[in-house]
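The first chain written gets the first letter, and so on, giving A, B, C, D, E and F; residue counts start at 1 in each chain.
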């Protein structure tokens, strides 16, 4: 049984690889390379897979899962500039893919080992990524 | 090839485990333990996986699948109080997880063995569960 | 300039007019007359119309509006049985229309007279009502 | 890591199997058998699974994926009559299932072999199909 | 108090003005001029404005409104080719605007004069029209 | 007859009034005052009200309206930092309200005087503003 909690956060970012030339960065990331940043309303779906607890009828209390997501993800990224405010992206380009890896790693540490974890992160309603830790 | 049909139903429920004390129930289920019930607009996605029939171009006629869902799920749960009106939950806490197991079992009986079945049930647009029968 | 804040709450209710016979109630309200209640995820849009404050660039801080809605509406109705738990509906059928009137009256008392107020309340994604106080 | 791009197109179609009698077609396809066609706003989600490129932080640039989808799918099907304008359906009933197979095959040819491909095609917001090439 | 009911239908259409040349039609309607038609999932919101009936707590029973919409709109247009199957468009281009006028006129005849009527018709999730009869 | 076109853009911004102290700015704008900016996926609905042209069946060709919105709004704001990149906000706090005024003024100049104009701008799916020019 898999359960899913949806949360949202807003952040600024810029896609830029410092090991490339400015022209290479522009060619590669186009408008997403704007040095003054742009931003998104990120939507995060967190899927936790495990057995149903017969006492509660829950896999995991989604209120508890929501609190973990707020602690680990919203506290870190909501209303932040991912490039400037978040040490996680000091040496990592904050693409949706890389943000998803970071989020997955943060949540994995907080969940019991009996659970499998998968996340889906939307950058816009047209672009999203899915990550299950491997 | 997997096909999916979305249906909706509205129901009241209460989360309460009679083997726990009132305090334990309140600690565990919080507002969902309200003795007078609360309710949801449930959204049910039913995924059926199987081969395409070369005569029809369908895996399964979604009109037929919709009728099965209406017979088995909407007839049983729509505009009902899951705790009081539905024998399925006489001894089972109607969490989204347990409702999903009951729905999956009902639909499984009505589908040809050649099909694999998975369902996703949303309790709210932030909380959902996914079940594939094991 | 009109600003809008969306909030959600879940509640159980039953449509029943005690001055009618049981048969009249069933004919009129059909499945919504279930004596054991059913429920909904209500979605509430609150529109506040007024001038932009030149200091803040806001009509009204939506965080403040959200807090007012939480105080007046979610505190009163979320995870409640509208018929049994909410004195507002002791002598009033909790149709979407009547719930909207009650909510509008509650919010009107909390907003400065310079603002015009309109609300939209969805009972399901197919049924909604709009009320502006007259 | 799986990435997903959502695109939309509008098309007319008719479900009809020329090897069946008119009555069989009507029994089978009902309103979808209308000889004058009807139509849909199709929504296509394209999932591409592969490793993150350390230079770009992307699995695949979604702008490039979007261009491939526009070339292969929107160019071929948007604002078309699938039965009359599209040779792909000259001998194939344009059910959502069969359209998904055709789209998957078109996209597969344009993607590097290192990527796995899955698509989800919605015919309406209630009916969708998922295909991963086998 | 305004109430709203959402319904959907699917249809094929072609935008073409027979009093213009083929080139003028192509310049004007572009891909929507395809002689073989294309199609849409139309979404119709019907707003009815009137007083709350104190007996029912309803402005109008949305089940009754839904039945009227099904009779007048879905029966006429769902799974049809608007140009070929629907006499309403024999001499009228089936743009969203003109479809909305036709629908509004049909619904107006079926509603009590005490009600005001407004409709919103989506052709796609990006394009919609709103009509209140004048 | 009112027609509506939906477009989207992504931008970074910061809410800050330079005539207030830092403490006043933090008290007022809270997380939105982050000096390193945050961002949003803005959704813009543009409503144009006017008569139906009997030649085209359109109020205004939504392709033309979309091009005007792209020229005036997306070209100016998409993937930009509203505070740093956009002269419109050099002396104006980029709240949703103020962005809506700027957008309305830009679009008003490009539309024939016979049309009335209204816009709705979503900053998130919970917060939006509506402006009709006065």
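Definition applied: a residue touches a chain if its C-beta (ideal position, glycine included) is under 8 Å from a C-beta of that chain, and two chains touch if they have at least 3 such contacts.
The shown structure was predicted, so the numbers you read here are calculated from the model rather than taken from an experiment.
Contact with subunit D and subunit F alike is made by A, E. Between subunit C and subunit D, the least number of touching-chain steps is 2. Rotation relating subunit A to subunit C, from a C-alpha superposition: 180°, rounded in steps of 5. In terms of the distance between Cα centroids, subunit F is separated most widely from B. Of all residue numbers used at the contact between subunit D and subunit E, over half are used by both chains, marking a mostly same-residue interface. In terms of C-beta pairs in contact, the better-connected of the chain pairs A-F and A-B is A-F. Separation between the centroids of subunit E and subunit F, computed from CA atoms only, is 29 Å.
For subunit E, residues touching at least two other chains, in rising order: 125.
Pairwise chain contacts in this structure: A-B, A-D, A-F, B-C, B-D, C-E, C-F, D-E, E-F.
Contact residues of subunit C toward subunit E in the complex are 15, 17, 19-20, 28-30, 92-98, 100-101, 125-131. Looking at the complex, you find that subunit E touches subunit C at residues 1-7, 47, 52, 55-59, 61-63, 66. Taken together, the subunit B residues at the contact with subunit C in this complex read 8, 10-13, 31-32, 34, 36-41, 78-81, 84-85, 124-125.
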